[in-house]
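Shared between the two complexes below is chain A, which pairs with chain B and chain C, respectively.
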Partner chain A sequence: MASLDIDIGRVEGQRALVRQRHLKMAAIWAVVFAFLAWCFHGTIIQDTDWSRIGGANGVLGSLGRFLALDFSLLPELVIPTIETFMVACVGTVLGCFFSLPVAWFGAANVTPNRFFFYPAGRFLMVLSRSVHEIIWALIFVSAVGLGALPGILAIAMRSVGFISKITAEAIENIDKKPVEAIRAVGGNDFQVMYYGILPQIYPVVLATVIFEWDINIRRSAVMGLVGAGGLGLTFFRQMNSFNYGGVTMVILAILLLIVLGEVLSHFLRKAVI
Partner chain B sequence: MTVLKVRDLRIRYADNQPEILKGISFDVEDSDFMAIIGPSGAGKSTLIRCINRLVEPTSGSIELFGQDVLALKGTALRQLRRNVGMIFQEFNLINRMSVMDNVLSGRLGYTGNLRSLFRAFPQSDISRALALLDRVGLSDHVNKRADELSGGQRQRVGIARALMQQPKLLLLDEPTSALDPKISREVMGLIREIASELRVPALCNIHDVQLAKESCNRIIGLQDGYKKFDGETGTLRDRDLEEIYAMEVL
Partner chain C sequence: MTMTETNPGPAPDSGQTWSRYGATGAATRHATLLAVLVFLGYSLHFLNVDLSRLLGTFSGVWRVVSDRYYPPEIAYVANAGYLGAILDTLQMSFLGGFIGVVCAIPLAWFSAWNVTPSRRILFPLGRLGVISSRAIHETIWTILFVSILGFGMLAGVSALTMFCIGFAGKLFADEIEAVDMGPVEAMRSAGASDLQVFVWAVVPQVRVAFTGIAIYTWDVAFRAATVVGFFGGGGMGWYLKRNIQQLENTKVSAIILSIIAMVLIAEVFSGWVRARVNRAK
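Presenting the complex of A and B:
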């Protein structure tokens, strides 16, 4: 076997480079660990009321109280569960309607005006998503009072961002050929959108709406925490009356609803695609 | 009678780009089935799209049915467009809609927004669509989705859609280039037949010179935005083709 022709001298200079790279990686990791240690110290070590926890038994005992299920609460859960489901459904539908103009404004190829409506549409998309659903609910509770309505409005506002963003992107990626054909037969702007664009984006939009609806079931379950109806309100009452078994019952109802939504949306999505 | 008069038509898509059409003039008579031939990039598609203003010319004039096309706006432009049937190279159908709805969409220029919204076309339009689908040989495919059809069948849907408009002029943008040679001749034959039955003049982009000679009575040759030939099909010589295609024709 012929020996490999290696010239150690030629690569000598590169050893320094390899070493330099190792040092750099070590420095980066050191900074990351230092930062995490600082966070850990600031939050857990300094900010926890260690005297009140009172050892492992205390923690486990507190958690254990949640396991004593309160089945007497069952009849009171039916109506809020249904209400939570309804809030999610109506909120999603309303969100779709709000999304229509936002997607239209925010899609670069169909926007009525690039300098005003386009940025306005994009801003509304970001605004909808950057405000948490609980904050939206707080705003609407103070605007329209307690009940399911503020929950519906909050869910609708929170849904606009995602639905309109995906819709706008779908509009930007359409095939222009059918659009050209509808213009050529003398169609107006509405007909171009309805016949040329809508059939193309419809599967994507519908799948997105189903996905958003699935998420909205989760969201509507917590709306009641700020007084906007549904299971969240029952949760809040049980927690306030220190009925931990009841709290668990509400959580189980939420879980059931979410599993139901998951299963339904799975089949709906299959039917669409 | 002259249906279409194009004079000194020029277009450039942006100020810093070269002109696509460099002063094109020609007439189309009401009995014409006219071919526009020329190599890729000669400006054939752009020229045909200027006629119904899918593309905006930079200068020149277009007179169609006695109307100044370039002066039209909004509703008037849409009314002009509905008199001009267009058939496309890649069919430009709405894939997710049925064959029937695609054909009916040819009627949109005559249909109000409310009827469009519910796809509630008048009975007369539906009867006409069914009759046209029968004429182009698609009666068995009325309720299929457009994307379930073969290329030749799709172009037949495109033909039916254009005829739904009851057009007074047909614009054909390479109607057979996406089809195989046999289907190409069938489709071209069908268009030719229907055009003469309905006495509708046609302007047809085509790069298959042989097919152009077989089906058209007049030919315009474009090369790099200039008109290099304009005459009866019989007067087209190999010398003209060499000039149009800037190469030896074998």
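Presenting the complex of A and C:
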């Protein structure tokens, strides 16, 4: 009898726990939906001039303008497409170079100084990721002028955060034994780095770089919007001259490039891992 | 982490030196490296990049920042109008993130090879939906929606929705493809429909991961929302655009600093919420 009482007590307790959890979930959802309603009110109802959009017909009419493809633009798209691709490649490689010291500073086990360089490295990682690529591009355009260079630099700066973060984590998680073995047979710091650390982090880092390169193709396609060349510039010009068919052509070119990058990165990743 | 395969090397008394890769392996590696270097060099030539300018870049950035952008006019970003714009940005990112995540769940279901309802029709459609919304950068979505819907936050929300569909859809699909197939097969053999399999065998396995991804999506959407205004989508970006065009450089630097601060706050907040969700699973 006694054991049965205890069981009933436990069941009751579990029921109370489940009820409490359901109440908590309901409260969370209520808060989320109240917040959502506030956002909806602020953006869709207060801020939008529905009469100006002109109902479904107006929207469909503006959409229809994009469907008349402008094939005469085709020859002008080849060079910007190649440029966009190249900017992404060079930007990624430059980003890798910038990431090297940042990852070195920001990995707790190899950082030269825990109190100065470690926080500095971590800060650079966060800074690089929290500034949008468009803002990086604006900064570099105002510093080095128009052309492909600000685009390359913006992409490099934006890539640093992710690449160096993953690299630093990989360095922190290495197996210490090879490092100690090389030290024990008299290897210097460079040899420890090259033979002890590098082979261990190299697959992870390479996979990350390929992933970042794939994203960078997308990014380099918009660098032209703020004056840094490539497909973005063509897009901007077509949009400003209201040639909507041309805009669609540029978007198709971007899609083609992205699919190419996606396929390439798939095979590269297979080759690396 | 696994070490890459190495060749066993010569016998200790053969007098050869040890090397990590065999002769053909080394040759391929060197050839690949050379090809990459040649491509990069040609790219720099093709893009007409003057490498001497690269050396002066960082001193150039420093000079521009200290001459024109310093000191930031903090008072400008502390007024009610700009604080309202920050709230607008928050609203856009939350709404866009929510609608995007809601749309991304069915698309992810369709585009996960293991549980997709139809491998012939819905799988390619789902993949196409996710890839194309991912392929187009959020700024291009903004420009397109502004040209269709007009300036304002509606265009920004729509652009962020598309961005979040692409971002969350891919992560969701990856998560679904990694589920334990045991419950799925058990339900299938008991005659459950595809929807029942998804709701009762897949969702319970990915619920926590989906919550984490959804919060992370909001974080990334907030980062994107700070610039959609630059192209007419409303929020902080619109102030940035206006002040850049008026060459109000000290105000611009204050705005950029405020954007960095807001993004950092969003990142810390989303990290905290994600940690709580993971602990409460």
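Here is the rule we go by: the second predicted complex is superposed on the first by the 244 of 273 C-alpha atoms of A that agree within 3 Å, B and C clash if a C-alpha of one lies under 4 Å from a C-alpha of the other, contacts with A are read in each partner's own complex, and residues count from 1 in each chain.
FYI, a residue touches a chain if its C-beta (ideal position, glycine included) is under 8 Å from a C-beta of that chain, and two chains touch if they have at least 3 such contacts.
Everything quoted here is computed from the prediction, not taken from an experiment.
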item: Partner chain in contact with A:11 - chain B first, chain C second, else both or neither; value: neither
item: Touched partner set for A:252, first chain B, second chain C, both or neither; value: neither
item: Touched partner set for A:34, first chain B, second chain C, both or neither; value: neither
item: Touching partner for A:78 - first (chain B), second (chain C), both, neither; value: neither
item: Residues of chain A touched, compared between chain B and chain C (which is higher); value: C
item: Touched partner set for A:59, first chain B, second chain C, both or neither; value: second
item: Which of chain B and chain C A:177 touches, first, second, both or neither; value: first
item: Contacts of A:187 with chain B and chain C, given as first, second, both or neither; value: first
item: Touched partner set for A:202, first chain B, second chain C, both or neither; value: both
item: Partner chain in contact with A:100 - chain B first, chain C second, else both or neither; value: neither
item: Shared contact residues on chain A - chain B and chain C; value: 199-200, 202-203
item: Residues of chain A touching chain B in the complex; value: 177-178, 180-188, 190-191, 194-196, 199-200, 202-203
item: Chain A-facing residues of chain C, complex; value: 1-4, 20, 39-40, 43-44, 46-50, 53-54, 56-57, 60-61, 63-64, 68, 87-88, 90-92, 94-95, 98, 131-132, 134-137, 139-140, 143-144, 147-150, 152-154, 156-157, 223-224, 226-227, 230-231, 234, 240, 244, 256, 259-260, 263-264, 267
item: Chain C contact footprint on chain A (complex, rising order); value: 35-36, 38-40, 42-44, 47-49, 52-53, 59, 62-63, 66, 82-83, 86-87, 89-90, 93, 126-127, 130-132, 134-135, 138-140, 142-144, 147-149, 152-153, 170, 173-175, 199-204, 218-219, 221-222, 225, 229, 235, 239, 244, 247, 251, 254-255, 258-259, 262
item: Complex interface listing, chain B residues touching chain A; value: 52, 54, 78-82, 84-86, 88, 90-97, 105-111, 113, 116-117, 161-162, 164-165, 171
